[in-house]
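There are two complexes below, and they share chain A, which is joined by chain B in the first and by chain C in the second.
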Partner chain A sequence: MYSALFYKEWLKVRWAVFGLTILSLLVLTYIALDLAYYVEFMTAVGFWGNVILLGMPFFTDIRYTPLLSGIIVAIVQFSPEMNLSRLKLTLHLPVEENKLLFQMISVGLLLLVLLFLIITILLWIIIGIYFPVEVVRFALNSLALWLLGGIAAYFLTSAIILEPVWTRRLILIPVALGFIDLFYSSGNPHIQLTLFFIITSVVAALLISYSGYHFKRGIK
Partner chain B sequence: MENVVEVKNLTHSYGKKLVFEDFNFEIKSGRIFGLLGKNGTGKTTTINILNGFLKPTSGQCLMFGENSYKLPPQTKARVGFLIEGHIQYSFMSIKQIEKFYSAFYPKWKKEPYYELMAKLEVTEDQKLSKMSCGQRSQVALGLILAQDPDLLILDDYSMGLDAGYRRLFLDYLIEYAKAEAKTIFITSHIIQDLENFLDDCLIIDYRSVLVAMPITEFRQTFKQYKFHLDNPSIKFSKNEVVRNFEVLKDKATIYSFAGKPEIEAYLNSLSINSSTVEEIPMTLEDAFIGITGKY
Partner chain C sequence: MLIKTSRIIYLLLIVFVASIYLPKYYWMKFEKNIRNPMVYFSPVKKDFLIRGQNINELYYVDEKGKHYDRDQFEELMPLLNYRQLVLDNKLPDSLNGEPLLMDKIRINNIMLKINPDEIDFKTIQLFPMLESKSGRVRLEMPDDFFRITNRFEFIDCATNKIDEKKSACFSTYLGVKKFAFPAKLIAGNPTTKKAFDEGYFVLDAKNNLFHIKMVKGKPFCVNTNIPDSLDVAYMKIMEMPLMEFYGLMITRQGDVYFISYDNYKLIKLPLKDYDITKDVFALMGDQFYRTVSLVNSQSIRTVVTDRKYRVVDTYKQTWKNNSELRAGIAASYLFPFTLKLNDENSSYSNFYFQFSGSNALIGSIIFASITFVILRKRQISLQKGWFDLLLVLITGVFGFIAVSLVKNIDKYLE
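Our next item is the complex of A and B:
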């Protein structure tokens, strides 16, 4: 049954995921070309100095790609379900309702994780060509927060779309914006912070089940 | 005969607007049951409650003995549901949607689905979003037939369909229901189509049940009487004898479950000349309008 549900979700999101993968590759190519240019222009030692001592940004162009990915995947996955109350079809399937909603969420999450894995590996390779492991670790730590922000954005956008009550949607939107901002406005990431974001992301996922409950019970 | 659906003392309101109160009915196994009523009388609300998509204000709905508020998956598998407007996953093709649903239903039979699809001028790879409303209705019906449910709930199957597709829909449904002894719960705003289809009918009005009986009994016992009024200013009122009435200048019509002698006696009691009383045959649609009124 999960494979059938995966198939349905895949049909909805495949073009968006394909487009976002292309976008990510283009941004990473731009970062790689930029890096090559700076190394050539400043020499590797000069460029390292600027990056390490002056904090010169060199990989931040990828910053909002995970955020955009999370929002777009949620929109293309759940808007068709809410259009004409099509979610009724899904909730009428002979599977426990919360399980169905979480399986749908798991498909979007899985595809995002795969996309983010590609981004992580490629950025690792690109930065690893020019920088020592410490700089690579610093870059991947920053990237990890942005990726978590993308996943949180996916959960929260899904919850907002699934919420049938407009007033609750209007409350959820600023809450979501404030929550997502935490992933982009914080300074040096550290483990505690990351754990906090993981836990709150799980809370965001539970929110989806709450919105689904509202839909199921016809609360308007 | 086992009750497939039981609705007990159901009351529902949207905010302060009461849709219905103390609503009761049951559907026996193997029967074709029509819920008929004018727009806004609560047909879709009833169906949403039955399918667990709406929590009633009070009362209880049972399907196969289970509370519809929380149907277990195995009971859901026994219920085929056509959403008003033949809503389906429009991003899927004919082939994809069949493949998707088949994974969920153990009794899945793809033959009736593809048999119905063969009648349409479509290819297997055609997306539902590129089909006409009539074609989509056949896809939705085909999927329900392939599911092989024990109970079919069809919410306004006729919405947006021309006469040909409505006939095709019902022809398939009748053949299927009779051959497989299925229970059908149907609503429609085109009453004439259901004339030779229903076994039982429940006619509802705003907040009340007007008729709950086998369709043949309703057709036989509900009558239309026309007569001449010498005094057009006379006021009628609804009661046990007069279920509804219309007065147009000097012509009056009374709708009633009473026989002609009772009507004549009633008119005489009001000092109305009953010599012109004439019983006029009605179609199901006439009878429906007669009991619910035109407004």
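Our next item is the complex of A and C:
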């Protein structure tokens, strides 16, 4: 059953995921070229000094790629379901509705996590070519929040799309915007904050079942 | 059950977001820019001078309330303003029986400021080891950076590889000097824009402070024999031509010491109640005095010492900060707490809660009463609506917004 559902979801999102992977690779290539350029023109010593002693940003171009990925995957996965209320059909399958919804988002989540894993590993390698582990760690610490923001954006965008009533959407949208903005306005996060964002971005998935519940029951 | 949990998560999310943004927007509208005064000690009058700022103009006043204009202020602070006075031909030949010589004034004038966010910050733990006796006039950046983990390692910038030979040389030498790896705290002044280089002060794993630098390509390492009982939070190293101290050391308890050139002897500054998480530390020194001010959002406390660090005079001034002004009092009724993820006193993003105290209870009770009425109107019994009510009681306006926006769906769950 799950594999059938997985295939159905995969058909919906594959082109989006493919496109986003290409986009991420392009951005990462840009960062790699950028680093090589800085080393050439500032010399390695000058570049290290700028990054390590003066805190020059050098990997921030990747910042909004995860956010964009989360939003786009949610849109291509769930907006077709809302057209003509196709989701109603899915929800009439002999499977518990919440289980079904969570299986659906698990597909999107899995693909996003894979994409983010690729981004993390490649960024690690690119920065690791030019810098010691301390700098890599610093960069990944910032990246973690941006990736989590992408996950939260995926869940919340899905919840917004699944929500059948516009007034409730209008409430959910500013809450989601305010929440997701926090992932991108927090520089140099303390480990405590990162942990909190890990928990909240995962827990945000529950909002989908809340919207789905409204949808199924047609609660106005 | 799941739906109920989802709703609770949704409510909490709204509370979380609201408790960050509502106070933020509120303060964007109502925050007043309170400019804290600067306190100086005049070596001429032997008295404090306070520089304050009204909306657009600076004013200078002494402790008795007598006002001065800028020219008078400059004449009362001849060492601070010696360049202007020289230009105006007003610099006295001598003061307090000592001749005033330009070079001596310049070398004795020191300024040092430490913000709390500088203390609550960990930089990337890689540092350049400058050559301190290169025989060149200008300092130069080396080709490598070092780290002190289980040994002393130099990493070459161009290849990003460890320079084994140099690393082994430093590691062995530090080992001989009984340095306990790894380092707990490394402090230096890694810039070439200084007169000379004193390298780094490094706290080892056993809390001993070592002075490490590179002299003609060879390691230099001395145990400063500073008591290992000090709970050091921060060190600021600054090479100054005065060569009186290498820099200063601040403990978590708020004690401040100069690390002097006199065999690393510590000189304790006569400060009281320095809160390293909130106070800005500002030091001004001249030929005759040292003026140390601790400034936070509502007070300035200043101690003046002579050059032997004996207290000469103290000054304290307090003022109302934003939370004590009308907008702040109104906010304390409205918001039971405020949450910020970024704080001016720290370089980390983290949770910065601020509770409003008992005033907020009044606001919360009002909002809880309205919620009670709303729940009644929505025909939700207390048995089902208790969580909503409790949430509003605890989180006040934030919970109220959440509960008003998110309908209670329990009655559908029958």
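Observations
Just so it is clear, the second predicted complex is superposed on the first by the 220 of 220 C-alpha atoms of A that agree within 3 Å, B and C clash if a C-alpha of one lies under 4 Å from a C-alpha of the other, contacts with A are read in each partner's own complex, and residues count from 1 in each chain.
We adopt the following convention: a contact is a pair of C-beta atoms (placed from the backbone, for glycine too) under 8 Å apart; a residue touches a chain by one contact, two chains touch by 3 or more.
Since we're looking at a predicted model, the values are computed, not measured.
Chain B and chain C, once both complexes are superposed via chain A, fit side by side.
When both complexes are overlaid on chain A, the residue A:Glu134 reaches chain C alone and has no touch with chain B. After superposing the two complexes on chain A, the angle subtended at the C-alpha centre of chain A by the centres of chain B and chain C comes to 140 degrees, rounded to the nearest 10. By the touch criterion defined above, A:Lys12 lies against chain B but remains apart from chain C after alignment on the C-alpha atoms of chain A. In the superposed model, A:Tyr184 makes contact with neither chain B nor chain C.
Once chain A of one complex is fitted onto chain A of the other, the partner contacts of A:Pro80 are limited to chain B, with no touch recorded for chain C. Touched residues of chain A were counted for both chain B and chain C, and C has more of them. By the touch criterion defined above, A:Ala4 lies against chain B but remains apart from chain C after alignment on the C-alpha atoms of chain A. Contacts of A:His92 after superposition: chain B is touched, whereas chain C is not reached.
Contacts of A:Val203 after superposition on the shared chain: chain C is touched, whereas chain B is not. When the two complexes are overlaid on their common chain A, residue A:Tyr37 makes contact with neither chain B nor chain C. Figure legend note: chain B and chain C, brought together by superposition on chain A, show a least Cα distance of 8 Å. Common to the chain B-facing and chain C-facing surfaces of chain A are residues 217, 219.
Across the interface of their complex, chain B is touched by residues 1, 3-4, 7-8, 11-12, 80, 84-86, 88-89, 91-96, 216-220 of chain A. Against chain A, the residues of chain B that register as touching in their complex are 14, 48, 51-55, 73-74, 76-77, 79, 81, 83, 85, 87-92, 96, 99-105.
On chain C, the positions that touch chain A within their shared complex are 2-3, 5-7, 9-10, 13-14, 16-17, 20-21, 123-126, 128, 141-143, 145, 147, 155, 157-158, 160, 190-191, 341-342, 347-351, 405-406, 409, 412.
Residues 43-49, 51-53, 98, 129-132, 134-135, 138, 171, 175, 178-179, 182, 185-190, 192-193, 196, 200, 203-204, 206-207, 209-210, 213, 217, 219 of chain A touch chain C in their complex.
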